[in-house]
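Chains here go by letter, A, B and C, matching the order in which they are written, and residues are numbered from 1 within each.
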Amino acid sequence: MKRLILMLCLLAAPVFAVQPDEILDDPVLEQRARELSRGLRCLVCRNESIDESHAELARDLRLLLRERLVAGDSDEQAIAFIVARYGEYVLLKPTSSGANLLLWIAGPGMLVIALGIGLIYVRRRGRPAGPDELSGDEQARLDEILKP
Amino acid sequence: MLFWVIAGGLALAVGGLLLGALLGSREGGAPAAAYDMQVYRDQLAEVERDLARGVVAEDEAGRVRLEVSRRLLEADKAATGARKPGSAPRGLSRAGAVAIAVVVCGAGGLYAWLGAPGYPDLPLKQRIADADAARATRPAQAEAEASIPAYLPPEGVDPKFTELMEKLRAAVAANPDDLRGQQLLSGNEARLGNFAAAHAAQQRVVALKGDAVTADDFAGYGDMLIMAAGGYVSPEAEAALNRALELDPRNGPARYYTGLMYLQTGRPDLAFRIWRALLGESRPEAPWVPPITAQIERVAQLAGVRYVPPVTGPALSGPSSADMQAAAEMSPEDRQAMIRSMVDGLAERLASEGGPPEEWARLITALGVLGDTARAGAIWTEAQTVFAAAPAALATIRTAAENAGVAN
Amino acid sequence: MIVELGHFALILAFAVAIVQAIVPLVGAQKGWRSWMAVAEPAASAQFLLTLAAFGALTYAFVTSDFSVQLVVLNSHTDKPLLYKFSGVWGNHEGSMLLWVLILTLFGACAAWFGGNLPPGLRARVLSVQSAIGVAFFAFILFTSNPFVRLGIPPMNGQDLNPLLQDPGLAFHPPFLYLGYVGLSMSFSFAVAALIEGRVDAAWARWVRPWTLAAWLFLTVGIALGSWWAYYELGWGGFWFWDPVENASFMPWLIAAALLHSAIVVEKREALKAWTILLAILAFGFSLIGTFIVRSGVLTSVHAFANDPERGVFILIILGVFMGGALTLYAARAGTMEAKGVFSLVSRESALVTNNILLAVAAFVVFIGTIWPLLAELFFDRKLSVGAPFFNAAFTPFLVALAVIMPVGAMLPWKRARIGRAVQPLIGVLALALAAGALVWTMQTGRSILAPVGLILVVWLVGGAAADVYTRTGRGDLRSKIRRLTTLPRADWGKAVAHSGLGITIFGIAAVTAWQQEDIRVAQLGETFPVGVYEVTLNDVLREAGPNYSATRADMTVTRNGRVVAQLYPEKRNYPVAQMPTTEAAIDNGFTRDLYLVIGDPQADGGWAVRTYIKPFANWIWAGCIIMALGGLLSLSDRRYRVAAGARKAVPGAVPAE
C-alpha cells in the first residue's frame, strides 16, 4: 500500500533503470559512473537514486554524468557539475558543510552524551547494597508471609 | 424499524453493562502492594525452579533470593499501612450513571447525524436479482398504455390526409390479410402518433410476412410498442426486440432499445455495455447516436465504469490516466478547455523545439477535431515548409490534413 | 442494514470509549472500586462493537455493496476474493478502522487477562488506552468515515489496482499496525504508572510481553514490505531508507530497546524511569509513523495520502498524547525510585549499553528523516538525506550492537567478572575471525563488508549457541541434554532472536558486497555468461493475462551445461489501469537468488535483459523470520502466561508454587 507513489513514478515512464545503451565501454569508467549515480537523487522520483530510477529524467542525468566522466572529469568535478546545475537537493548524501554539520555530528554527539549519562547512572547504581543477610526479624516475617 | 430495534437493543445492552458495573456493589479488594507481594512470591518460586533445573548457580540464586525477599518485606510493610479501595458516594455514582446514559444516547444522536438510517444493504448480487425480478414483474404493454393519456389526433393535419387515412383504415379492416395495406397503415399511424394502432397493424405485418419477416420489421414493431407506452419498454416490446436481434444481432434500433430496457430495469451496466458497442459501430448520423451520446456518460457513471466519450481521430498522446480520470469528472466546458490547453502545449513545443512528423499530424488532427480549421491550415502550411525535404514525413502529415479538411 | 448497524456500532464504540476514558480513571484516583470496575465491560464492549463495525465493512466489500462509497472507490467485482478482503484495509479509511480495531483488541486483552494486575493500575491503563481510542474514533468518524453511503449506487467499483493485489502487500499493513498499535499498550502502562506515581512489581511483567508482541509484529511487517520491494521493483532493492520505512523502523528500534530495558525493571527494579520514557517514545514514533504516512509531510515515495486535513488531525493527536505524556513524565519521573544495585560489569550495564546504542541509532534515523524539513525551515536549504547518509551513520551502531551482544547476553546479573563470562566465547571469536579472514583472502579484494558480515553472523550465532550451552551447566552429556530441554523458553527465544539478527546482517552484507549484475542487449537464442552461470534468452512471447497483456521471456540458466533454472520474467501492461509492471523472475536458493528482468525490445531486434546474482539474499528475510520466531518463543514462556493471568490470582489467597 505504502509504495504506491514509488510504483506510480516507476510507471510514468516505463523504461528501465540503467539501460544497456547507456553503459560505457570502459568498465572502470562505468564502475565509477555506477558508484556516483548511486549517490544522486532522481529529482522526480523522490528518494530513489538515479541508478535505481526508471524515470526519463534519471536517464538524462545518468547520461550527463557519463558524459562528464568520459570528458575526463574526476568524481568530484562530475558531482560538482551536477550539483551546480540541479542544486544540493540532488545529493542523497548531504554535504557536511554549514548547518549540515549538525546532522553529521548529531549521532556521534548523542552517543557520547548518552554513554556519559549511562556511565554516571551505572556508577551510581554501584553503591553497596544492604547487608548480605536478612535479620532475624525480617526472616521471621518472611517465613510468615510465605507460609502457604 | 428492525434496524432501530436492533440498534436500540445494542445501545441498551451496552449501557446496561456499564451501569451495572458502576452501580453494582463491589467491596473490598486488596491494596496495590498486596499484588506486588504476589509477584515477588512468584519470583521466589521461580528462583527455586531455576535452581532445581540447574540453570542458575547456587550463589547467584542466593543473591536473587535475598533481593526479592527484601522487596517482599518492603511491599508487606506498605500493604499493612495502605488504604484499601473504597466505594463511591451513592449520589456521585448516580450522577455518573446519568452521565453514562447521556453519552450512550448521544451515540444515537451522532448516528442520526452521520449515518443513513434505514438505508438497506445493497449487495451487488441482490441488486441484480432485484433487477431481474423487477424486470420479470414489470407492467405489461396494455397496462402501460392504459396509464398514459389516450391518443388524440394531432391538430392541423391536412384534412385530405385525414380522409385518406380513414379510407385506408376501412380498407385494411375489411381485408386484414393484405400485407401491403397493413404496412401502409402501420407506417402512417405511426406518423400520426397513433402508436397503439400502428403497432396493431405492425403485428399483422409481422404475422403476414411469415418466413420473410426481417429484423427491421420486429425492431419497428418494438419501436411502436415502446412509443405507444410512452417510451417504456414492456415485456411485449422486449420480445419483439429479441426476435429482431435473433434475426440480426447487429440491428441498431433493437440494440438501442434493449439498452434502454436494461436502463429502465436497473441494469445500467448491461445498458452501458450494449450502448458503448453500438456507439462504436454506428455512423454518426444514425438516429440512435444522439440519444446515446446524450445519456451515455450518466449511464457509465451508474454502471461504475470510467468512460470518456471517444474523440474522432487518433487520441492525443500525453494525457496520463490521471488526466483522463480528471477529464471524466469535468464539465464538458472544462474538458474542452483541458483538451485545448494540451493542444496548445503541443503546438508550442513543436514551434519551439520541433518534433517528429507524427506529432505534427496529431496536432493538425486535434485542431481539426476542435473545429479550429484556420489554425490547422496554418500548421499544415508550416509543416509543408519544415518537411519539404522529407516526402515520407510530409505524406503522414498530409493524411492528417486531409482528414481535418484543410489540405488543398 | 448490516452496513448501517456497523456504522452505529462504530459510533457506539466511540461513546463507550469516552466513558471508559473518564470513569475508571476517576475511580482509580479516588479509590472507588465500582467506578474502576466499569473499565472491564467497557473494554470488552468497545472491542466487540469495533469488531462488528469492521465486520460490516468487510461484508460490504465481499458482497460488493456499491452503495458504500469506500467500496466503490476501492473494489471491483472482478477482484479475487482474497483482495476483496484485503481491500478493506487497502485504503485510508479502512486502514484506520483496522487501527482502532487492533487498539480496542489490545485494550480488551488487558481487561480479560489482567486479573492479577492491581485494580488501580488496570483501571488507569484501560482509561489511557481508551483515551487513545477516543482520539482515533473521532478521527475516523469526522475526517475519514468508511461508512459514507451513496444515494445512487453504481454497478461497479473503480479500483482494480493491480499492484495492491499482491500477497506481500496485502498483509504488510496489518502486521505493521499490530506492531504500531501494540506499542500503545506499553504507552498506556507507562502513563498509568506516571499518573499513579509508582511502578508496580507487576508492571514490567506486563509491559514486556506486550512490547515483545508489538516488536514481533513490526519485525514481520517490515520484512514483508522489504520482501515485496525486492521482488516487485525490478532490481532487487530491499531497503530504501525512505521516510515511511524509517517511520516503521524507528518504533522497531525503540521497541527493541524497551523490551530489553523492561527485563531490567522486572528482574532488578532498576531503569524504571528510563523504561517509561522508552515506552512513551515508542508509541510516539508509531504515531509519527502514522502521521507521516497519512499526511505526506515528508514528501516521500510512499506518501500517497496527501491529505493535509487528516495530517493536521493526527498531528494534534500526536501533540496531545506526546505532550501530555512527556509533561507528566517530567513531573513524575523523579519519584520512580530505583532499587536494584549492580556493578559496572554486569548484565544490567550491558543492557544499558544496548539501550544507548538502540536509542541513539533510532535518534540518528529520526534526525536523518526530518533533516530535510529542518534544513528547509531553519536554514533555507533544500536538500536530501538518502541511503548513503543512513548507511554511513547507522551501520556503526548496528555493528557495535552485534559486537557486544553475545558478551552482554552471557554476563550474569548484578556483578560479573568479565574474564569468566567471556571464556566460552573465545572459541567463537576465533572461529568468527578465521571465517572472516578466509573470506577476505578468497574474495577478489575491494570490500570489507562481506568479511565483517560473516564475522558477525558467526559471532552472533556461535555466541547464542555458547550461551545456551553454558546454561546447561556442568555435568555429563545426558544431564546437559536434559537441562537443554527444560531450559526456559525465554532463554531459547533470546538465543534464536539474536541469531536471527546475525543472519539478517550477513544477508545484507553478502548481497551488498557480492551481488553480480549484468545489463545487456540479448538476441533471441543468445547465451551469455553471468558469474558462474550461463543465461540463455530462448524466446520472448506476448501473452494475454486475465486483465493484462504481458511480454514474457523464456530464459534458461545453466551452470556447466546443467540446467539450474527455467525462468520467465514478464513485463505486464494493465490497460484498464494504464499501468505497466515488471515481474522479475527469481530462482530462490539457499546461497543465492537468480534474478532476471526482461526490458524493452531494442532497435536491432534484441531485448534489454538484466541479470542479477544475489548471494544469500533470502537470508535477510529468513533472519527477520527467525527474529520474530525468537520473540514468539520468548512470548510463550511460562512466566508470561502466568503474568498474563491464565489463572485469576487473588493476592494472598493463592499460594505461590
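Simple rule for what comes next: a residue touches a chain if its C-beta (ideal position, glycine included) is under 8 Å from a C-beta of that chain, and two chains touch if they have at least 3 such contacts.
Remember, predicted model here, so these are calculated numbers, not experimental data.
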item: Chain pair with the most C-beta contacts; value: B-C
item: Maximum centroid distance from chain A, chain identifier (CA atoms); value: B
item: Inter-centroid spacing, chain C versus chain B (mean Cα positions, whole Å); value: 38
item: Chain A-chain B separation of Cα centroids, rounded to whole Å; value: 46
item: Whole-Å gap separating chain A and chain C, where each centre is the average of the chain's CA atoms; value: 19
item: Interface hub residues of chain B, defined as touching at least two other chains; value: 37, 41, 44, 67, 320
item: Per-residue multi-chain contacts in chain C, two or more chains; value: 340, 579, 655-656
item: Junction residues of chain A, two or more chains touched; value: 129, 146
item: For the chain A and chain B complex, residues of the former touching the latter; value: 12, 129-130, 132-134, 138, 141-142, 145-146
item: Complex contact set, residues of chain A against chain C; value: 1-11, 14-21, 23, 38-39, 41, 45-49, 52, 54, 87-94, 98-100, 103-104, 106-107, 110-111, 114-115, 118, 121-123, 125-129, 146, 148
item: Partner chain B, residues of chain C touching it in the complex; value: 1-5, 7-9, 11-12, 14-16, 18-19, 23, 27, 30-38, 40-42, 45, 49, 59-60, 63-67, 72, 77, 116-121, 141, 145, 147, 149, 152-158, 198, 200-202, 205, 268-269, 339-340, 412-414, 471-473, 475, 479, 483, 486-488, 491, 577-579, 639, 642, 649-652, 654-657
item: Contact footprint of chain A on chain B as seen in their complex; value: 37, 41, 44, 66-67, 69-70, 72-73, 76, 320
item: Footprint of chain A on chain C - complex, ascending; value: 90, 95, 161, 163-164, 169, 172-173, 225, 228-229, 232-235, 237, 240-244, 270, 293, 299-304, 338, 340-344, 348-349, 352-353, 355-357, 359-360, 363-364, 367-368, 371, 375, 378-379, 381-389, 392-393, 397, 519-521, 571, 579-581, 597, 599-600, 602, 608, 610, 655-656
